[in-house]
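To keep things simple, chains are lettered A, B and C as they appear, and every chain counts its residues starting from 1.
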Amino acid sequence: MGNQIAVDATIMDNVVLGDNVTIGKGALIYPNVVIGDNVFIGAYCIIGEPTMGYYKNTSNHIFAMTKVGKNSIIRANTTIYENVIIGESFQTGHHVTIRENTKIGKNCSVGTLSDLQGDIEIGDFVRLHSNVHIGQLTKIDDYVWIYPYVVTTNDPYPPMGNLVGSHICQFAQIATGATILPGKTIGENALVGAGSLVTKDVPPEIVVVGVPAKERGSVKDIKDDAGNNVYPWKDYLKQNRGYPWQTADMFDEGKV
Amino acid sequence: MGNQIAVDATIMDNVVLGDNVTIGKGALIYPNVVIGDNVFIGAYCIIGEPTMGYYKNTSNHIFAMTKVGKNSIIRANTTIYENVIIGESFQTGHHVTIRENTKIGKNCSVGTLSDLQGDIEIGDFVRLHSNVHIGQLTKIDDYVWIYPYVVTTNDPYPPMGNLVGSHICQFAQIATGATILPGKTIGENALVGAGSLVTKDVPPEIVVVGVPAKERGSVKDIKDDAGNNVYPWKDYLKQNRGYPWQTADMFDEGKV
Amino acid sequence: MGNQIAVDATIMDNVVLGDNVTIGKGALIYPNVVIGDNVFIGAYCIIGEPTMGYYKNTSNHIFAMTKVGKNSIIRANTTIYENVIIGESFQTGHHVTIRENTKIGKNCSVGTLSDLQGDIEIGDFVRLHSNVHIGQLTKIDDYVWIYPYVVTTNDPYPPMGNLVGSHICQFAQIATGATILPGKTIGENALVGAGSLVTKDVPPEIVVVGVPAKERGSVKDIKDDAGNNVYPWKDYLKQNRGYPWQTADMFDEGKV
């Protein structure tokens, strides 16, 4: 199938479009952007937005490559900077900002109003909900979920600017409104409660809650209203959310 | 008076415009949108934004109806999805997102950057300030005010996805930065203090404060700096904010 | 050098452009806007956005002057209202909103998604990071830094609307996620910790932390990991961040 490019979109030099790409109304694609097959770029998205050097020497700025993987949906009003590499089956909400020097794996999503500040590394199957703020130098491993109004910070003595990023390990869950102080590690399968202020590393499979956040035992002790175990969530997730292990499980259970 | 449609706006098929409608620069109106008389749609607004099914079958997607009631002002860069029904005299700020399956009554306002996640029911005269996040399945009754950076959550055991919404009863006030955990009820005339984490239901006319939020007595015991009662606020509001009972009162008091 | 105006930008009557101005794709400049030399206005920015009176009488609305000082960079999707006066070398991120009756000094920056609610006075060299919410009537002195998800509130008894602003004194640092209650003063060189709820005035050079925020001693007692003093930060800042005293110091130290 051919590409559909809105008449008022602007596509600059050296842009590579795959097959079956849609570019929405008024979208602006800067040079050296590579867009995979079946990608949908919504209205007024900006892809390949230039970094600071551009403003100092507009006509000679060399744009670093930005790639959006195949089968991605970039919703209206999302801005993605130059030097961002994103894997396949990516999705954004609206008014998302993804700054330079960011690498995002496959099957990730970033919700409305989320702001990735650049110099960030994100694994596969990571879900950032709406209005998440990921500070520079944050590293997020596979299968992490982060909920609204979570902030990962990076300057221990502001405004000194000696930044240290935090590290969110695989399968961790960081609930709404939690703030992670600079340089902290959230362990694998850990759960950070809503509104918590994380001032220390969180060990794997531990729940922390409060301001400042304190340990409240193992995630394995959490039971839902029916008395069933819930965490580590990989073992208990019933809904089909497209995880690679689910298809197999659901086949086993006869659900597919 | 005739309508004023910007030359670079896009209006798709089966859009119904009332009288005296203004459609701003670059606005994008999808099919099956109904816009009432005297409505102002600001620059780069998107009305009737399609839901997920659209991306799977773009050319055959059937848009559910979206209505914006008469005398509304939708400010620049607001995005409203399909299947949203909004009453008269509605207002938004900028960069607002209102997702599908949402019903909003009359005389409501939603401030800049607020994000309504869909499957939401909102009564009349509700005021959401800037940067409010309303989770799916939230129900908000008449005359509620919610202030910046409040979040209503809905997943008790993330990311299980067994969502339960919260219910904010009429005249309740939820101050800046409060987080409401899934399924909680905030009673009529209750007051949730700034920065609170609401982990239990809040009874009517009760003040709660803190992380986690604890009861601090009746709203009737709160007095302002001059020693006057302030709550329930309906009884004490002196400013004319356009409430239906105010016109009558002000006539009684000779102010109108 | 001449100006570069995108073909699909809209520039209304009585707009004054300096030399070497760039106006990006689809930008919308309302009447009575004055833009200084070397200013870059990004794609889809709106400058001079009208206030409420416009909607009541569109054709006769008199736009108050808005000025953007020379050498400023206004990034894509920023909206600046009428009656905003901004000094030279200003910068914004994306999706910024600056409402009416706001005065901002020189060498300031306002990050992505920040929302200045109007009736605000900001000094020189002030840095607002991403997603900062500055309530009406807030006064911010020179050299203040405010970090993500900070909110300055203004209504002591919501929704009464008897607003009182807060005052942030020079060199103060307000860390991520802090909420400042109405009418509070944050003293010179004070440090408000991440996630704090400020319910009382903070004296100069004092650290406060917690919900509610409590005094934790002098900023002079804070040492970094190497055991060095860090605050007042003006005395210890090693990085060149463009402050007026730095050039002189760096000359003294032979760094320039």
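Simple rule for what comes next: a residue touches a chain if its C-beta (ideal position, glycine included) is under 8 Å from a C-beta of that chain, and two chains touch if they have at least 3 such contacts.
Since this is a predicted model, take the numbers as computed values, not measurements.
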Hey, how would you classify the chain contact layout here, line, ring, star, complete or other? complete
Residue numbers at the subunit B-subunit C contact, same meaning over half shared and different meaning under half, come out as different
Can you work out the rotation angle that lays subunit A over subunit C using Cα coordinates, in steps of 5 degrees? 120
So the centre of each chain is just the mean of its C-alpha atoms; given that, what is the distance between subunit B and subunit C in Å? 27
Got the subunit A residues that touch at least 2 other chains? 8, 26, 44, 77, 95, 113, 131, 149, 177, 211
Note: in the complex, subunit B contacts subunit A through residues 8, 10, 26, 28, 44, 46, 49, 55, 58, 77, 79, 95, 97, 113, 115, 117, 131, 133, 149, 151, 153, 156-162, 177, 179, 181, 197, 211
Which residues, counting only subunit A, touch subunit B once they are in their complex? 8, 22, 25-26, 40, 43-44, 73, 76-77, 93-95, 112-113, 127, 130-131, 145, 147-149, 173, 175-177, 194-195, 210-211, 222, 224-225, 230-231, 233, 236-239, 241
